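Below: one structure in C-alpha cells.
As written, the chain order gives the labels A, B, C and D, with residue 1 at the start of each chain.
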C-alpha cells in the first residue's frame, strides 16, 4: 500500500551514492516534479538508470549540470549535449545498453530473474565485458538484471492503494521500473479511491508502489 | 546533380514499394521517417519502439498531445486500432520478430550484410537507442541510405570499419541509385536508376556484388 | 491483421505432430470452441503446451481420451485423473515445469530471448536435464524458451484488426501464448470495429493475432 | 484427541496472526486457504497466481462469476483496488519478491529449511503448479501443516526424503502444536500449545531443533 507524500518528503530519504531509475522517454513519462525536488536535495554521486538524460538543463539534464550524476546507465544520451561534454571531461561515466536489452534487464530485475540470453548486441562493441553464451545453436549475450534503490516514475492516475494507469506513450519505462527498485515513488496527476480504476485497466498493481506524489506538489510544473 | 531532398525522396519512395497491406513496420529516424509519406492507399501499421502500435500522421500545429510522441521525439497521432504498451513489451515485439519490417539508416553496410549505423566516427559513444534490437529482431531489414557519404566515400563496403550494429542482419539496401538484396549471404544488385550507369555505380561501391540476371532499370 | 473464420476453418491447417499451446487455467480462459473443433479434426500425435489438461473428458481432457496427445508440457496435470492413467500406461509423455518458469519460458519465446536464469527449481528433480549456471554469486537454472506452431487462446473481445482484451482471471496464459507461436488463433465472444477498444486497455496488440474465431461458431458451447 | 477440523482451525488461526495490515499474501490450497477466515479487521491483500491481486471472499451460491476463480479453481470475488494480469506478470510478482508472504502446505520440512510439498510418495509426478516459484520468491515462507502425517510419521525431519520443492527456503513452520522459526539456518521452537508437552513434541519431531529461551506456551 502506498503512502501519499509531497515530492520533497518522498525523496527525503535518498542518500548520496544511490542507484535511481527514472522513467520517461524524452519528456514524455518523465517524473518532472520528483526531479525538481531532487534538484533541491543534497544527494549526489548518483547512478541513474534511464533511457536518456533529458536535454540541456531539462529533465535529468538539470541534475547533470548540478554534478549530482556520477554514472548513467541507459540507451540514448545523445539528445543532451551536456552528456557528451561531461563524459569527455571525465565527470560522467556512461554504460550504454541497447534499448531493448535495457528494458528487459529492468523487467528481469523486477521479476526475480538472474539474467537472460539476448541475441541483440552479439558481435558488437556493446558485447565487451559481457558473458557470451552458446545455447541451442545460437550465440547470445547473458545480460544481467538491472536493480535500483529507487524508481522515480510518472503515471497518470493512481488509486489510494497505489494502483497505476499511464497516459499514451508516457508508459514507456515506467511500469517496468516500478517493479525493479527497493522503493518506487510514483508522480501522478490524480489520486482516486481504490475501486475507481477498472481491475482490467490497471497497468501497475499497487504492490509495486511505495509512495505517491501529486504532480506539481513542489510547484515544479 | 541531385539535391539532398531529391535523393531522400527517391529513397523513401522506393522503400515504400516494399511495404504491403497489413504489414507492421518500424521506421528509423531520418530518411526512413519519410517512407510514411508514400504508403497512402496501403494499410501499413507503424510501430514506434517507445510503446505505440498504430502511429498516425503528425498532428496539425496546436493539436499536439503532450503525451504522444514517436521514438524520434516528434509529436504524432494514432490510427484506429492503435495500442500503447511499455518498453519491455515493445522490444518483445521487436526482438520476437513480430514487426514485419524495419527500415533504418546506415553508415556502412558490408558485403556480408553487417551493418554499422550507430557510432559516428570521431563522436563520443553516447547513444545506441533501439537500432541493434530492431536490426536483429525484424524479419526484414531494409537499409535506406544515400549511396555515399557527404564526402563521396562508399557506404556499401567490403567490411565495415565503423563499429557494428549487428552482423549479417541486412536484407536489402535502398539508395538513390540502386537496390541491393542479400541472397544466401551474397550481395546482389537488383535495380539501378536510369540516370546512373553500372560503371558509375561500381565507382561509388567498394563492396563486391553480383548483378542480377533480372536487373531492373528504374526510370527517374 | 487477423482473418475471421469459423472454428473448423481456423484449425483446418493443423497437422499431426504439431506443437500447440492452449490458454486457460482450468476452464477459465480455455478456448473451448477451438478444442471442440480439434476433437472433430484428424490431427494427432500432438505436443500440447498448457498449464493443465482440463478434467476427465472436459477441455483438453477430451483430446487426451481421443489419444491425440503424445506429450504434454505444463505445470499441473493432477486435476485430470486420465493424465495419470495415460502416463502410467505409456500413452502420454509429461514434461513438468514450475508454473512461473513455464509462463516465463512462453513469454521468452515470444520476446525473442534465448532463455533466462531462474532460481526456481534449483536443487530439485525438475532441474534434471537442465543447464545449471552460476552467475553473480547465485545458482540458476537456464530455462530455454517454449515455442509452438500454434497458440489456441481465448479472449473476451477482439477488434477487426485482432487486438484483444480478456475477462478477469481468464487472462492467465493467453496473452503470453499469443506471442509465442507461429500462428495464433483467438476464440472471442465478440468482434468490434477497430478503434472501439481503448488504446490503453488493449492487452494483446493485433500483430500477434492471425485468426479470430467467434466462440460457439461450432456449436461447442 | 483433536479432530482434523480442530487441527486445521488451530493452524489457520495461528498463521493469520503472522499477517499485518498492508501485507500481500499468497495462500496455498488446503489449510492455508482457511487463513483468510481469520484476518478480519486487517487489511491483508490476497494474490492468486492465476492472475489476481485482491482476491475477496467466496461468492454466495448462484452469484459465481464464471471467469473469476482462484488458483485452487474455486470461484471467488475481488475487493476494491483488485487487478488482473497474465501468468508471466503474476509470477514476476512472486519470483521478484513482491508478495510479502506465502503460506503453503508441507509434506516434509527439514531442519535446514528444505521443503518437500509437491510429490506425494507413490503417486505419479503430474503436478507442481506454482509451489516452487512461491517458496523461492516470497520473502517470508510459512509452512502451515499438521504436525505429523495421518500415519503419525514426523513431517519435521532431519532431511527430506521426499523430492524437494526448494532448498533452505522455509522461514516458519506452524502446526497444531507448535511454532518453529529458522534463525541463521537453525530451527528454533518458539511456541508450544498448552495441551502438548515438550516431550510429546520431541516424540513427533525427528528434526533437531533448539528451544527458544523465550518459548511461549499458547493456551488452547
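The definition used in the following text is that contacts are C-beta pairs under 8 Å (C-beta built on N, C-alpha and C of every residue); 3 or more make two chains touch, one makes a residue touch a chain.
Being a predicted model, the structure only gives us computed values, none of them experimental.
Asker: Which is the least count of steps on a path of touching chains running from subunit B to subunit D?
Answerer: Step count on the best path from subunit B to subunit D: 2.
Asker: I need the common contact partners of subunit C and subunit D, sorted by label.
Answerer: Chains that touch both subunit C and subunit D, as defined above, are A.
Asker: More C-beta contacts across B-C or across A-B?
Answerer: Higher C-beta contact count between the two pairs: A-B.
Asker: For subunit A and subunit D, let me know how many angstrom lie between their CA-based centres, rounded off.
Answerer: 35
Asker: What is the distance in Å between the mean C-alpha positions of subunit A and subunit C?
Answerer: Whole-Å distance between the two chain centres: 33.
Asker: What is the distance, in whole Å, between the centres of subunit A and subunit B, each centre taken as the mean of its C-alpha atoms?
Answerer: Whole-Å distance between the two chain centres: 29.
Asker: Which subunit A residues touch at least two other chains?
Answerer: 104, 107, 111-113, 118-119, 166-168, 199-200
Asker: Going by the contact rule already set, what residues in subunit D reach two or more other chains?
Answerer: 78, 84-85, 88, 91-92, 94-95, 136-137
Asker: What are the touching chain pairs in this one?
Answerer: A-B, A-C, A-D, B-C, C-D
Asker: Which residues of subunit C touch subunit D once you look at their complex with the stated criterion?
Answerer: 25-29, 51, 75-79, 83-84, 87-88, 94, 96-104, 106-107, 118-126, 166-176, 203
Asker: Which residues of subunit D touch subunit C once you look at their complex with the stated criterion?
Answerer: 48-52, 65-71, 73, 78, 84-88, 90-92, 94-95, 119, 123-133, 136-137, 163-167
Asker: Under the touch definition given earlier, write down the residues of subunit A that touch subunit D in their complex.
Answerer: 1, 107, 109-113, 159-161, 163, 179, 193-195, 197, 199-200, 202, 205-208
Asker: Mind pulling up the subunit D residues that touch subunit A in the complex?
Answerer: Residue positions touching the partner: 22, 24, 43, 45, 47, 53-54, 78, 80-85, 88, 91-99, 136-137.
Asker: Can you check the complex and tell me which residues of subunit A touch subunit C?
Answerer: 104, 108, 111-119, 131, 133, 135-136, 138, 140, 142, 144, 165-168, 198-201
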